[in-house]
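Next come two complexes built around chain A: one with chain B, the other with chain C.
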Partner chain A sequence: MRREPPRTIADYAPLVFPALMLIVFFVIPFSTMIAVSFFQRDQAGFYTPTFTLDNYERFLSAFFGGVLGFSIMLAVLVAVVCVAVAFPFTYLLARSSRRVQTVWLVAILSVLSLSEVIIGFAWSTLFSRTAGITNLLVAVGLMSEPQALLPGFGAVLTGMVYQALPYTILVLYPALVRLDPTLLEAARTLGASPARAFLNVVVPALRNTIVATLIMVFVFALGSYLLPQLLGRPQHWTLSVLITDQAIYQSNMPFAAAMAVFLVLMSLALVGLTLMIGGRREASA
Partner chain B sequence: MKKLLEMGISRRGVLGAGLATAGVLAMPSILRAQDRSIKVGVYGGYFKDSFDKNIFPEFTKASGIAVESIAEPTGEAWLVQLQQAARANQAPADLSMMSQVAMLKGQSTELWTPLDTAKLKNADNLLDRFVNKYPDGRIAGIGAVAWYITLVTNTDAYPEAPDSWAAFWDPANADKLGLLALVSNSFLLEVTAKTFMGGTNALDTEEGLLEAFEKLAEVKPNVRLWYRDEAQFEQSLKSGEIPMGQYYHDVTGLAAADGHPVRSTFPKEGGILDSGCWALSKASQKAEEAHVFIDYMSQPEIQALMSRKVGTAPTIKRELLDLTDEEFDAVSSDIDPIIPRYDLYTTKADWLNQKWTELIVG
Partner chain C sequence: MSARLLKGTAFLVVALFLIGPLVVVAGVSINEKQALTFPPQGFSLAWYGQIFTDPGWRAALIASLTLAASSAALAVLIALPLAWFLWRRIAPWANVFQLLGVAPFILPPVITALGFLTFWATVGAYGQPWTAAISHAIFFVTLPLVTLSLGFNSIDRSLVEAASTMGADDRTVLRTVVLPLILPYLVSGFAFAFVLSLNEYIVAYMTVGFTMETLPIKIFNALRYGYTPTMASVSIFFVALAAIIFGLIARFGNLRKLLGAMSGDEK
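Our next item is the complex of A and B:
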């Protein structure tokens, strides 16, 4: 398929609809949020539309800095684990027969139909002392008595990786299927072991895909607020949890908006940084 | 999918069906043809379902006023909607069930039409604490429903029921408690004050509040779960995963009746008594009907009916009710309750929230 550059205004027409959607469902709500973040909170009522920096000032403290840092660290970790697990898996999947691929993809898609709530409750049962997987370990004699594996950081990480993994696989899949098999054949002919060929040929060839996937999972994980509550202790609550508390339970919209703006800015900065590093490496390569 | 498209349903047919469905959905629920009606906002879900089934039809039968019930969100979203609508002289609901904090916030903007007790012949039945007043004494709202939060335990893990909130502080209960996660819905500062500081008046000053926070910090190592979602704790309590905590008295009673090994205890310091008020929006044109409705709801028979069918604690004096001891104990208690300091959650909301979050997260 050959693409021609658009020449007339009419050629841009297909863009109108998506642009409109983007404005209505993203630009306008986001601008409203930014505006609200500068409003004055009224404890006895709601808020008054004046300009104040109080909300940002309140956020700039060691406490919220710590929570923000934890949220970002968690999201990065989820992204890295997801890609580390999903990439080899998808690679093997793309090499298997059509039938096997279909079965796996249907299974993965069906995981997507589970809501965050169901995933959270399912894992909290699996990790519980009374009905959890440790009971199986006791039954086969590996453990002396059942243990609760939650709440804790491991439980939060497991739940979030489980939730993000299907997306990761589905994003990686098209690129891995389209990967030219002759690249590998060449590597093998030149004497590389399968593992070496995978690490030295496949991974570098798909570097951009990997970076894009990392970013996607990172952004996805950053918004998670239910799983940290269900599977973690208060120390594992992300900034999104505190934003929800402020917005829904304290009706402190201005402060919630200010925190959300901070979160968006931080994630944009991190994404920008990642792309910049990637771009520089590409240039030097 | 391809087969479906080949089945001969035309595109136009699909569109037509879609439009027809949208039309049906958009049609307002049809009220019975009656001259008088009132829109009543109730917490969506369990409360609305129970009221629709047990209470509203009886009221319409008795008064000839049709009720259109509206599901309102809990939290303060509904207050905000009422406030903004009132500015445009609209009332999404004439009467609404409002939490105590929302009542106080509404008072600050004069959102509630003052009620006239002369029109409420059952007003004398009410317990004083269920009459919500403006600072100058006008009546802003009348108690609608009340419920208790009590000390709950798993009977397998605790054969003996604890008798005091002090059990939360017992080092023997390390990592065993499930408590509500927010300062404004757990009311644990009030519990601390009543249990260790001689009463909730101790929270009048900032020093008192800080002292309560300090005492409450000692509970932290005992807490396994800080929950926002009720189902999360209820499940763990039933299974014994988290064998002690604070929870709703009525729901725990229902679970026990279903055979789960749980019990709800009124500690000697009292259960936490939370409640909602009927409040009339200033934009409503239905003041007459609203008074008739509130009066109807404050009758002993209706209060008893609600205790039996909905599981709420009565808002009127016990001697007027025909509830048996067993029925009364299922929803309430004669032990002097802990009444939350709602005033703090409007005047010091942000300070309390910040201290609280730092306490449990930090």
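Our next item is the complex of A and C:
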């Protein structure tokens, strides 16, 4: 049975249920959110339908600019740290035996599927005074008394790297595991040391993969909504935290929606960029 | 030798970083008294018992399991016909639906969650338990969609052709050849969606947060209104559950292939 274009109406039947579900429960909610971003807040209920740009105008404040700047800076930092750690690690993993790879993949998937709530809880415990890592340092005599390492920027950054690292490894894994081994053999035969071959052959060969991964991890980190809240101070809140806060605790759905639309546009632009880079890679391969 | 040492060190550092927080949480979970201390004082598995005996935690566990099972099933029901259609027919425009299936997963989760919140509030169903199931199904439909697309593409078309030359119609081919071949991919897609739904917080919170407590919501509330070692035991319980499920996929399926280890010609 070859692939063939649908001829009769009945041939389209399998598409009906998925299409309906995706349109009703994704396209419409998404459009509703965009519409709500132009509505007015209603103290009593959710919102009153009108058309106003007030919600977007609120972006033009120094406070919002600060939050946006901080969110982007934090996400860039997380992406750079994750790729810097994950790339050599995944490279080594991809050269290991199948058995070792499988065990690591199970562990990485298990950590990746952890709820942000659990990650936040785990790190707030690890950084706390009563149950934290400083207790171990005291026990071995490196510190005189236990300390709380949170809330703070370091705690937020560590938590977010922890959350994004398994994701980064899994994004890099296919490209690194399929890397042509003859490339490396050639470099080694010509006298390059393993480290030199890695830096001068593997890294340049996967330049586009690295850029695409950086962007994907950046978008992923931009979506972190709990860790800055659980591990940081209010000045460490990101756009995602602010959206949650406005929607749930301040019940200002229109403003939350306007911020969300803004975040979507930014993420979409970046995902588009990733796809473009990916497309160029396919074309050149 | 130095290369092996380097590799060993790198693996050890990443392993410590990934496992460290979980070790502390595991330590906290076996404290004898109701206090979050590490190293633990005394040894007790009572906090694990609490997950099943304390009415609040048990209700949250049941809510989470029900939500995960129903949303993963619904996600597979949406993904299966879509992936089959895309494999069976030449209809480039239908790729739009594949894109729609992947989009909720790629966008920052807060956005998908807020979309659901405004939608359910607008249609007046805000807070109903079933809204969370539908929301999670859409949110995680990407996973079965990706595994099933991979499964369909790995089917040798000559098998299907042989069946149809021997007189099997579309339906018979689907039932006797295609479905058995993609069953492992279907199961993994379900399992991925199940585990992630179990752990999902923000979509669940924005849809049913005020009427129902899933385990992640309950842990979050406990973080704000009073720590208890049960939070730690639930976290460890979840990690163990995820490790068992992914371990089973690795044992009975090909995890490396699912995660993209093999290119097209290696099928």
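Going forward, the second predicted complex is superposed on the first by the 233 of 285 C-alpha atoms of A that agree within 3 Å, B and C clash if a C-alpha of one lies under 4 Å from a C-alpha of the other, contacts with A are read in each partner's own complex, and residues count from 1 in each chain.
Just so we're on the same page, contacts are C-beta pairs under 8 Å (C-beta built on N, C-alpha and C of every residue); 3 or more make two chains touch, one makes a residue touch a chain.
Computed from a predicted model, the values in this text were never measured in an experiment.
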{"item": "Which superposed partner A:88 touches (first chain B, second chain C, both, neither)", "value": "second"}
{"item": "Chain A residues touched by each partner, larger count belonging to chain B or chain C", "value": "C"}
{"item": "First (chain B), second (chain C), both or neither touched by A:250", "value": "first"}
{"item": "Partner chain(s) touched by A:202 [first = chain B, second = chain C, both, neither]", "value": "neither"}
{"item": "Partner chain in contact with A:67 - chain B first, chain C second, else both or neither", "value": "first"}
{"item": "Which superposed partner A:131 touches (first chain B, second chain C, both, neither)", "value": "both"}
{"item": "Chain B versus chain C as contact partner of A:267, first or second or both or neither", "value": "second"}
{"item": "Touched partner set for A:210, first chain B, second chain C, both or neither", "value": "neither"}
{"item": "Contacts of A:230 with chain B and chain C, given as first, second, both or neither", "value": "both"}
{"item": "Intersection of chain A interface sets (partners chain B, chain C)", "value": "46, 121, 124, 128, 130-131, 230, 248"}
{"item": "Residue ranges of chain C touching chain A (in the complex, touch as defined)", "value": "3, 7, 10-11, 14-15, 17-18, 20-22, 24-25, 27-28, 35-39, 77-79, 81-82, 84-85, 87-91, 94, 97, 100-101, 103-104, 106-111, 114-119, 121-122, 134-135, 137-138, 141, 157, 160-161, 163-164, 170, 173, 195-196, 199-202, 205-206, 209, 216-217, 219-220, 223, 231-232, 235, 238-239, 242-243, 246-247, 250, 255-256, 259-263"}
{"item": "In the complex with chain C, residue positions of chain A that touch it", "value": "1-6, 11, 14-15, 17-19, 21-23, 25-30, 32-33, 36, 46, 85, 88-89, 92, 98, 101-102, 105-111, 113-126, 128, 130-133, 135, 139, 162, 165-166, 170, 173-174, 177-178, 194, 219, 222-223, 225-226, 230, 240, 243-244, 247-248, 253, 256-257, 260, 263-264, 267-268, 271"}
{"item": "Touching residues (chain side chain B, partner chain A) in the complex", "value": "75-77, 79-80, 83, 104-105, 108-109, 181-182, 184-185, 224-226, 228-229, 231-232, 235-236, 239-241, 346-350, 353-354, 357-358, 360-362"}
{"item": "Of chain A, residues touching chain B in the complex", "value": "41, 43-46, 58, 63, 67, 121, 124, 128-131, 148, 151, 229-230, 233-235, 237, 242, 245-246, 248-252, 255"}
